[in-house]
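Chain nomenclature is as follows: A, B, C and D, assigned in order of appearance, with residue numbering initiated at 1 for each chain independently.
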Amino acid sequence: MDALFSRLTMTGASAMLLLALVVMWRRHVPAYVTAFRTQSVVLAFVGAIVAWMGEVPELFLVAAIILGLKGWIVPRILAGMEARRPDDRGLRPLVNTEMSLLISGGLAVAAYELSRPLTEVVSLPTRSGLPIALALILVSLFIVVSRRQVIAQIVGFLMLENGVALLALLGAYGVPLVVELGVFLDVLLGVLVMQALVPGMEKTSAG
Amino acid sequence: MSEAALATALTACAAGAVLAMVWPSGAGARRLSLASACAGCSAALVAAITVLQGSLSWTWRSEALLQPLGGVSLRVDPLGAFFLLIVAVTGAPASLYALGYLRHLDGQVRGRAVHALFNVFLAGMCVVPLADNVATFLFAWEVMALSSYLLVVSDPEQEGAAAAGLWYAVMTHAGFLALLAAFVLLGQGGPLEFPAMRAGAATLPPASQGVVVLLLLAAFGSKAGLVPLHVWLPRAHPAAPSHVSALMSGAMVKLGVYGTIRVLFDLMPPLSPWWGGAVLALGVATALTGVLYSVAEPHLKRVLAYSTVENIGLIFVGLGFALLMRAYGNGVLAAMGLVVALLHTLNHAVFKTLLFLAAGAVIHGARTSSLEGLGGLIKRMPHTAVLCLVGVLALAAVPPLNGFTSEWLTFQLLVAGARYTEPALAIVLPLALAAVALVAGLAAVSAVRLFGIAFLALPRTDSARDAHEAPAIMRAAMLLPAAGCIVLGLIPTLAVAQLTAVVSDLGLPMGQLDTGFALVLPLVGSQLWPIAIAALLGAGAVVAAAVAQTSRGPVRTDTTWNCGRIAQSPRQEYTAAAFAEPLKRVFTGFYRPTHEVSLDVHPVSPYFVRGITLRADFAPWMEQTLYTPLIRAARWVSGQAGRLQTGSIHLYLAFLPGALLVLLLIARWIR
Amino acid sequence: MTPIVLAVTECLCLAIAAPAVVGYVRWLKARLQGRRGADFLQPYRDLRKTFAKGMIIADTTSWIFHLTPCVVVASTVAAAALVPVISASQPGDQLGDLFALMALLILGTIFLALGGLDPGTAFGGMGSSREMTVAALTEPTLAIAILSLALTAGSTSLGTITNTLLTTPANAIGPGHALALAAFLIAMLAETGRLPVDNPATHLELTMIHEAMILEYSGPYLALLEWAAALKLTLLLTLASNLFVPWGIATSLSAGALALGLAAVLAKLALLATLLAVLETRVAKLRLFRVPELLAVSFTLALLAATSSFFTR
Amino acid sequence: MQLFTKILRTGIVTEPLPDRASSAVMLAREIDRRARALFGRALAIRQVDAGSCNGCELEIAGLPGPVYDMERFGLHFVASPRHADMLLVTGPVTRNMAVPLRKTYDATPDPKLVVAVGDCARTCGVFAGSYAVVGPVDRIIPVDASIDGCPPEPADILQGILAALGRIDAGRRE
């Protein structure tokens, strides 16, 4: 049972990591939004699994909120922004594609090495997914650093948030519900604020 | 038995050297000296095989010779015998080859000198792996270095020979100094005999242990061509006569490997894992650098030189792995790593000898050494082409030739390492595996480029068009290593069986590796049966050919289809540079290519272009970043030193007491 | 004795089925393009026709030109002999393992490239250069994918990998396996010259990789080369299905088990071929200099696979 | 995803071909039995533009498309005459293209067929008598079937090819 549990969560986690890698490979911004939507859905799925197999009922609620907020509302907002910005498909990232991919591979490997002490103290069956969550966080940070399009950076930030949520889910079966809700509000506000600011940022950063 | 054989070998080389000088007729001098060199190699081969078979070891000591340095002492053990074997299998074909290759030098003093030096070179290389004390080792090492240096600069009309010789001399002597320092440190003031060092090395303080390893890596690395000390290889190999390049690349470079193994595995106790990791990383870096340059290099012999660098890198990957495992106390894997490294040393010696001899035949026959000038040789030099194809396929590490078996074992090694060790390694070794795989793939590219551009399609220059086949003796000489490639490829256990003696003599538990004709690795539960694969390939090829013959359609010859153009010219062929272009773009960060295009336009209008010249090259950033500052520093220091020479005799006299005083103070301070 | 017979039959099965796989992919692509297309037997007709046609030897070529088709066929067949098809009892393991299979495929590629260089045409050289480049850049991915399989199965020999997965199916759940499969499939697309790396149906010499090398071949030689290409595709698809999803493969030599194994491998092949056709309908060909990016993707996947399968084993 | 929903909605648009060739197709010579057996349902075509105005090329470009779908008859275009069984020649043969056309014919392994497409290929059309034109295709290489029209419709071209293969009977004979 535990073996299945850990493997399922681990599969979900690595699916999320792969969806972060999509941003490295594609140059088409809408693909980034799709990747983020899918990733959030997977996150909700992982949350549901933890809630079910780890007997933590309130996580079902959290999963539902994730699904609604990050899987539906936020992507809608992002798509709206995307529609309103100039086409810059030719815009190269600061680091070329091969390098970014190899770097993210390296980051993932490093995450495995870094999180070994963590996995040793945690005794939950989900601990084998912790390195992947850490890798997801590192990779999303790298996205924020290395992309030029502001939307890509926002997506990176949101994926970072997903990574943190995943770490909380796998490491401690999620943080208390109140905190979780607060975080969701922050995310929503953050996205709305960015939506307002994007045009200005485009001018400064894209050049 | 082996003593006698060894004595014969050394006497034969000495006799060859003398005969080359004194024999009245030039042709006779050539024949006799090279024949005796060949005889010496055969004798050395016999000695090596007897030692390896019986896994016996004997020592011989003479206080008289080299008396001031503490006498000569030789010790033949399986490890030394294995490298003696390598020297022999490389030297015999090289000396046969030279019989035909240097015929044009008959009657010149230069010819006699080359033959004599060749014998001296061989003798030196035979002694190095047998030396049992520092004096003998350094003496033989220096004989080897000096004779090879003279051979490199032996051809005056070879362009760049002097510069190449300078690079080589500087590198090899810097290495010599490092070696001296390392041995002195290792000796700890005791007698500089290997047995004493072996006994005392355990008590070496870790700090100086690190220094010793570093110095030794520098010394032997500069001989073996480890990055970044590889710069002399691509310069010296093209300058030297081809049979000498074969000997240098096949045997001399390998003696750097020998030194590393002798000191790190025999004389010194297990080191900290970091050193193993460092050697592994060094090997990977060397292999990648070598193969990337060999893919892009236009000069035939420089392609081969860089591929030697690559293979040295692969050998050091095996060594580093063995060091790691020895440090972690995993004897079986350490033994396996050492076996793989040694097997690849032998395989590379065989096929690289073949390739350099073939390159010599090409340059001899087509009178040009740039790939861009060759082409179509397969029609003018059919036998050389077949032999070269064998060598090239071995270089590309494809079955059923010998390059493949050691490549395969290297893969298995890294997989086994990743399975049986703790996380730290499990993260390093996959990267090493990926690098080795990439090296294998790029080596295949380089091999196809070498053979396809030089031998296939149409000749690109007149000299290539009327190239002539090499004389029979040279082809016969190339036949030996070609046969070696095939036999070692089909029956790798022949060599592996010899290696078990070497490894167990070094005190490592030999995991069961060979049964009959198939290589079986119980460790990773996989096996390789080259003969069966070869049989399968042969059967498939025969069936395919038969099927192709059965078709009833008419067969006719026609001009090559080139989209309806009137005539086909060599200018339509893909050049060597064009062949490497995609990789140059992929690895542009490594090559740092430089392009300069200049248009020659008609005075009337810039739209009438008369000619376009494109100069494409890549920046030698390793030389620029590492060696240019060093050279500048050396210049500066010598400039400062020049200041001392004011010309006033009194000042010069004042130097004497000053120096004396300083020395006394130093001596006082040491006590 | 039986295993040997079985191995030979398996090899023959692959050899015979190969054109049908290609034909099926073509037919499905035609359907997805709204065309009627030719049925899956068309490649057999083409091969029969090409075999019976006359042959033209270019006057600039050498014996390499004649040797190439034979060696390409031989190496592909030898590689096919290593692959478990219907039964997991693998006499092929006596010959060699996955790395040997890799090397055999490279042998074929090398001779194909030499054959492309031999006539001395511009397009032939171009094809050889590109083919070798792609092959070289694919090697690391394959090696790492093999490593991650070997880490879970404890061996690099194909039969052992299959059997281990059959006995401990839990290994299949979890990221390592899926990632390795994905990496392997991408590398396979590059190795066999399918979209998005190379367009098997192109007529534009400048975009060719595989096709450009065989422009000079005609008649029986051409037929051999085309058939070898089909066999390579089929054997790699079979490899993917039996190494990563071995279920259904015969573990005993009873007739029923063998029949089931045959059905299973056919079903898996059909599924993979359908995926291939759908993918080739969906994606466009990459620029040659974006191919390394694709290979970097698959390499990263393989690296993640190796690392995670180390930690989960 | 939208792509595949669209594919499903569109379905197959290939149009059936009448089994008797239109009068535009003229058969110069019967295909011999062996070649007919050989090319029964597998034929590789190399298209040669011997100096046409590219009107015929535009029509030929329709053949592999969904509507006319030559692949259903086992026909496909190839990149080299070495792979080809049939040359599909268009245009009046200009002086510059005469030699390449000849070489292409020689470069095609036997047995082989030639189909001349368009008026120009048979009669040089409006270009007849021009100093730049050598003559119709059959002046340079033997032609098995020709298809009239300036340019001929894709259906006619398809019927011409099939008639040359003897799979449908031609509209006219010489």
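Rule of thumb we're sticking to: contacts are C-beta pairs under 8 Å (C-beta built on N, C-alpha and C of every residue); 3 or more make two chains touch, one makes a residue touch a chain.
Bear in mind the structure is a predicted one, so any value in this text is a computation, not a measurement.
Two chain pairs, A-C and A-B, are compared here, and A-C has more C-beta pairs in contact (counted per touch definition above).
Chain C has its Cα centroid nearest to the centroid of all protein Cα atoms in the structure. Each chain gets a centre from the mean of its Cα atoms; for chain B and chain C, those two points are 36 Å apart. With each centre defined as the average position of its C-alpha atoms, the distance from chain A to chain B rounds to 51 Å. Between chain B and chain D the centroid-to-centroid distance comes to 60 Å (mean Cα coordinates, whole Å).
Shown for chain A are the residues in touch with two or more other chains, namely 109, 112. In chain B, 423, 427, 553-554, 558-559, 561 are the positions where the chain touches two or more neighbouring chains simultaneously. Touching of two or more other chains is recorded for residues 52-56, 215-216, 219, 292, 299, 303, 307, 311 of chain C. In terms of which chains touch, the assembly is arranged in some other way, matching none of the line, ring, star or all-to-all patterns.
Every pair of chains in contact is given here: A-B, A-C, B-C, B-D, C-D.
Across the interface of their complex, chain B is touched by residues 80-82, 99-101, 103-104, 106-107, 109-110 of chain D. On chain D, the positions that touch chain C within their shared complex are 3-4, 7, 10-14, 38-44, 65-66, 69, 71-74, 77-80, 82-83, 85, 107, 109-111. Contacts from chain B toward chain C in the complex involve residues 375-376, 378-379, 393, 396-399, 404, 407-408, 411-412, 414-415, 418-419, 423, 426-427, 430-431, 433-438, 440-442, 444-445, 447-449, 451-453, 456-458, 518, 524-529, 532-533, 536-545, 547-548, 551-562, 568, 570, 572-574, 578-583, 585-586.
Interface residues of chain B facing chain D in the complex, by the touch rule stated above, are 553-554, 558-559, 561, 563-566. For chain A in complex with chain B, the touching residues are 109, 112-113, 116.
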